[in-house]
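Shared chain: chain A. Partners: chain B in the first complex, chain C in the second.
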Partner chain A sequence: MNKDIFLIGSGQTRFGEWWEKSLRDLAGEAVEAALKDAPCTSLDIDMVIVANMIAERTNGQAHLGALVSSLFPHNPPALRVESACASGAVALHTACGLLESGRAQTIVVVGVEKMTDVSTEEVADALMGAADSEKDAPCGLTFPGIFGLIAKRYMHEYHLTRERLNHVSSAHHRNALHNPFAQFRKEIPAEHISQSPAVADPLCMLDCSPVSDGAAACILSTVKESDIKIAASQLASDAVSLTERATITSFPATKRAMEKALAEADIDRKSVSHLEIHDCFSIAAVINVEDLGFAEPGKGVELYEQADPVPSINASGGLKACGHPVAATGIKQVTDMAKQLRTSGSRFGLTQNFGGACASCGIHILEHTHV
Partner chain B sequence: MSNPSVVHRAKSARKQKMQEGTIVSFTTVRHPPAGFGTNPLRIGLIALEDGSQAMGQLIAPAHEDIQIGSKVRPRMKLLRVQKNGLRIYDTAYELCAAKPVVQEQKVEREFPGYIVALYGPSGVGKSTVCTLMTKVLVEYVENVPILTTRAKKKGDADEYHYTTAAEFTRLRKDKKIIAATQIPSRSEKRWYGYREEDIQAIWNKGKIPIVITEQHLLQNLSSYYGRRSILSFGLLPPGKSRRAMLSQLLHRLRSRGRDTEKHIQDRMKNAEHDLDFFEKRKELFDHILVNEDLDAVMETLKGHVLGVERT
Partner chain C sequence: MNKDIFLIGSGQTRFGEWWEKSLRDLAGEAVEAALKDAPCTSLDIDMVIVANMIAERTNGQAHLGALVSSLFPHNPPALRVESACASGAVALHTACGLLESGRAQTIVVVGVEKMTDVSTEEVADALMGAADSEKDAPCGLTFPGIFGLIAKRYMHEYHLTRERLNHVSSAHHRNALHNPFAQFRKEIPAEHISQSPAVADPLCMLDCSPVSDGAAACILSTVKESDIKIAASQLASDAVSLTERATITSFPATKRAMEKALAEADIDRKSVSHLEIHDCFSIAAVINVEDLGFAEPGKGVELYEQADPVPSINASGGLKACGHPVAATGIKQVTDMAKQLRTSGSRFGLTQNFGGACASCGIHILEHTHV
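Right, the complex of A and B next:
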């Protein structure tokens, strides 16, 4: 990073089904929580960045920058960022760039999504916008279908059994028991995962992250300080369509972003104590820990079979149990990571947020300086 | 997706999709998107004969009948009828046999090691880069000799091993040569190839073999050793347009003075195909570099190669 950027405040709404709350209400609640957590007032915010993927489809609402800016008394300048499910990480990255350039000094980054106002079919169709509309979608493929293809191939190449894959969602649910902001706080035994209804073979309902409403906000500053610094912020991209990939059992964008992030933070991956990874589907979590370099190809699931893996993985409950209001996820991961670093007293934590089938990937490394 | 213009443009891709292929992976979507009815959809990712991939519905009696590696053939299928009456057809893929073909018990090859492959049109500087690499990283990489049937030429470095056409064919038949290609030329038929033993010998020394490739060599190596083994670099000549790139190549070929004008014309024709290949087979390339500043290219290459050396 060219400048010290501090995470001076963060907060979120609980993720879930919020019938009585609008897109604006959710964003407002997250901003309020972040401001309460920060040593600054709303007037110190000199830029608003909103991450959102599908508000046009689910809420008939575009122009989200101005919408969220209007929650502030002084209407700071605002912009909106979209990169499918990686919108949150891309918004944070955008904020880092503006802060490093000196164009802004204190930015609030808000990720918000309100997905339960429309039918599941409509949401699924909107989310399919993250895939290639001419190469992937025409045959009737859905996102669970895309990850069904990935899971099937992965199981074929690495002989991963359905039983072993069950541990992923089960672990995420167990972790969420202690997270008051999680959508689901219920333990689910591993064997129940594959007994849930099939969604896209070999994936079942409990392999999939849910449809959720929610918002999360982070306040980043170069002038106000805190004990949490952004040590790295990196993005990488890949072909949007699965048909243009050399392999579908590994995501090169994660590898590239990871390499760049470790170089930027100037640390070894062994220094990372906590991970929050993008487990939109159970199989994605397995592939992610491999691509991040914490497991050999084909062995990612072993980390989920351990009671206390090092580094810790999705201690918050991940997308599976916390909920996945798509654009809020990348920001919520950072919010959770700050909490985890402060609780454990460890120095480095890493968040990985991806869009589509990892056609865009954002990695942030947080450094706790009061260790 | 229901937008008629998207549907219309998708039609142009249909010809491409009308090929036989094999199933890379498949799934059954239990909740099809709007307009596709309520029956589960079987969908496969298909590796087509020309090496590209396509997504399509699978025509099979049951999910259990489908297997990764099964052969499929294309068939037009009415996918759905839109509310406005638009009937949408697309390529679907039908299992070639009612029962899945007995899958060759092809055990996934163990990862044998990395091979650095350079690819690019004639004149872009593959040999120069390759020679420099083997000098700069002499402890890490070694050039794999190219076996060729063409006659020795003035200006040839020691990168070639010469052989006869008969011998070449025999070695290929015996699977001693694992990647081969015939470069079309007006004057003669010329074969080029790589021998497995040469590559293995370099691995045995604990070094990374480096090869100069074109389309067939790159594809052969990739399918023999597995795509993961190939660390491929595509080299492009500088230039904003294809025409600018080609004239840059022409200039380089003429100024190096190794070929006759006739050969240069042949090479230019091949160069056009090589440039197409970048577009068509993106997935075969790990990195694409523009060879404008040789030092910069070398630095980048060094970084990537030492990167895998460390792993």
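Right, the complex of A and C next:
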């Protein structure tokens, strides 16, 4: 990092179905929670960055930077950042850059999404905007379909059984039991995962993160301090279409972002004790821990078969159990990670947030300095 | 500026109806033109920032950062920025911040939009995403309607006649005669403007910028140099809904961005000899020159009644005659301004790009250093 950037406050709404609340309401709640958590007032915010993917489709609302800026009495300069489901991490990265540039000293980054006002078909269609509209969508693919193909290929290459894959979602649901902000707080035995309705073979309903409404906000500052610093903020990109990839069982963007993030934080991956990773589908979680270097290729599922894996993975409940209001996820991961580092007294935690089939990946490493 | 940032290359497609070209094709053409203009190769680009407003609605395509990054052999990190019709300027501002932070040394900023594949009704509805979906859209307003209200109020407050307003679009069409990239290259006598079909009283078709496809790209660098420097990059926000404004005949976001931009460039507005301003509707052009301080309130139209106004205004033809592929506009303004400063041997030029009814405004001042 080119400057010390502190996470001075964060907050979120509970993720779920919020039919009675608007995008503005949800963003406002998250901002209020973050301000309450921070040693600053709304007037200290000198820039607003909003992460949002599909409000144009689900709510007819673009221009969310200005809309959220209007929640502040002084209308700070604002912008919206979008990188599909990685929008949250990419917005945080943009904030880090603008803070390092000196153009802003305290930025609120808000991720917000309201996905449950439209039909499942409409949401699935809008989410396909994260894929290639010329190369993937015309084949009739949806994202469950894309990750179904990835799961099939992975099971073929590594002889992973359907039964073993069940442990991923089951672990995430168990972790969410103690998270008051999670959409689903219900223990689900592993064998129930593959007994849930088929969505895109071999993936079942309980392999898939849900459609959710919600918002999360982080306040980052170079002038106010806290016990949590951003130790690294890195992005990487890859071809959007599956048809342009050399393999679909590993995501190079994660590997590249991870390499750069470890270098930036100047640590070894063994120093990272807590992970929040992008488990949009169970198979993605398996691939992610491998690409991040915490498991050998083909062995990722073993971490989910353990009661207390090292490092800890998605102690929040992940996307599966917390919910996945797409652009809010990357910011909620950081909100959760700060809590985990403080509660456990650990030093380094890492969040990985990706978009599409990992055509965009954002990785943040948080450092708890009062360990 | 916290670092010297040079505009080392820029280019654009002609704006117009490009039914046979995809978003990728248009973005690729603009990037290629910018690279051809720049003393660098595609491998020197270490970040891609895409400005786009409505491809999710018109093309089912989000995630344009990754999509455009894929045009480069090394898939540089990428993101998309959106701030309605100000997306272009906001993307340039984001690039300036990331360059000043040291996270990137050479960034390509690409604005792209493909609006003519869907019906006029669908485009009008998608563009209403720039307004407030809770407070403006439910009243049945469209953007021509919003600017119709603004024009009505302005004519009432300042006794502007419909005939005098005709000079705005007529001047823009005259200017575009010599611009090979303009969508419309046709002289239109002033009296024809108000004889064109009514759109939203008092505005007629020829008061409105058209629906367009197109792309523009700028390459900004802190390590490669050119004769054009970014002397200022500033943003300001305002309430999105007209119902939350103290006045609708002046846009405070322009005034605030202008004040900050002049301070950043450390110049007086009299040093600015060339303007490219956001004339989405004729009345907006009148208000803009007043808010920028080049005319007294109520007197803006006088500048358009002169054959050679000082400063020069929209020598390119502006949004009216060049076309307005919304997110490409702010980037195309900078592309044009570089040409104007070089051709005229002038030192300072200013671009003003706004979103919605100026709920977001981005101002850039360019300095030609070899004068």
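Side notes on the structure shown:
We adopt the following convention: the second predicted complex is superposed on the first by the 371 of 371 C-alpha atoms of A that agree within 3 Å, B and C clash if a C-alpha of one lies under 4 Å from a C-alpha of the other, contacts with A are read in each partner's own complex, and residues count from 1 in each chain.
Going forward, contacts are C-beta pairs under 8 Å (C-beta built on N, C-alpha and C of every residue); 3 or more make two chains touch, one makes a residue touch a chain.
Only a predicted model underlies this, so the values are computations on that prediction, with no experimental measurement involved.
In the model built by aligning both structures on chain A, chain B fits alongside chain C without clashing. By the touch criterion stated above, A:Ser346 is placed in contact with neither chain B nor chain C.
With both structures placed on the common chain, the touch criterion links A:Ser42 to neither chain B nor chain C. The three-chain arrangement built by superposing both structures on chain A places chain B and chain C 80° apart around the Cα centre of chain A, to the nearest 10.
Of the two partners, chain B and chain C, it is C that touches more residues of chain A.
Using the contact criterion defined above for the overlaid structures, shared-chain residue A:Ala124 touches chain B, although it does not reach chain C. In the superposition on chain A, A:Ser70 makes contact with chain C only, while chain B stays out of contact range.
In the superposition on chain A, contact of A:Leu149 is made with chain B only, not with chain C.
Contact with chain B, but none with chain C, is seen for A:Asp201 once the two complexes are overlaid on the shared chain.
Look at A:Ala246: by the touch rule set out above, it reaches chain B but stays clear of chain C. In the superposition on chain A, contact of A:Gly140 is made with chain B only, not with chain C.
Of the two partner chains placed around the shared chain by superposition, chain C is the only one that A:Ser237 touches, whereas chain B remains out of contact. Superposition on chain A leaves chain B and chain C with their closest Cα atoms 5 Å from each other. On chain A, the surface touched by chain B in one complex and the surface touched by chain C in the other have residues 125, 128, 133-134, 137, 239, 244 in common.
Considering their complex, residues 2, 22, 24, 48, 53-57, 59-63, 65-67, 69-70, 75-84, 90, 93-94, 96-103, 125-126, 128-134, 137, 234-240, 244, 253, 355-356, 359-360 of chain C touch chain A.
Contact residues of chain B toward chain A in the complex are 1, 6-7, 9-10, 13, 24-34, 36, 41, 43-45, 52-57, 63, 68, 79-80, 88, 90, 92, 108, 227-228, 282-284, 307. By the touch criterion given at the top, residues 120-122, 124-125, 128, 133-142, 144-145, 148-153, 156-157, 197-203, 239, 241-248, 259 of chain A touch chain B in their complex.
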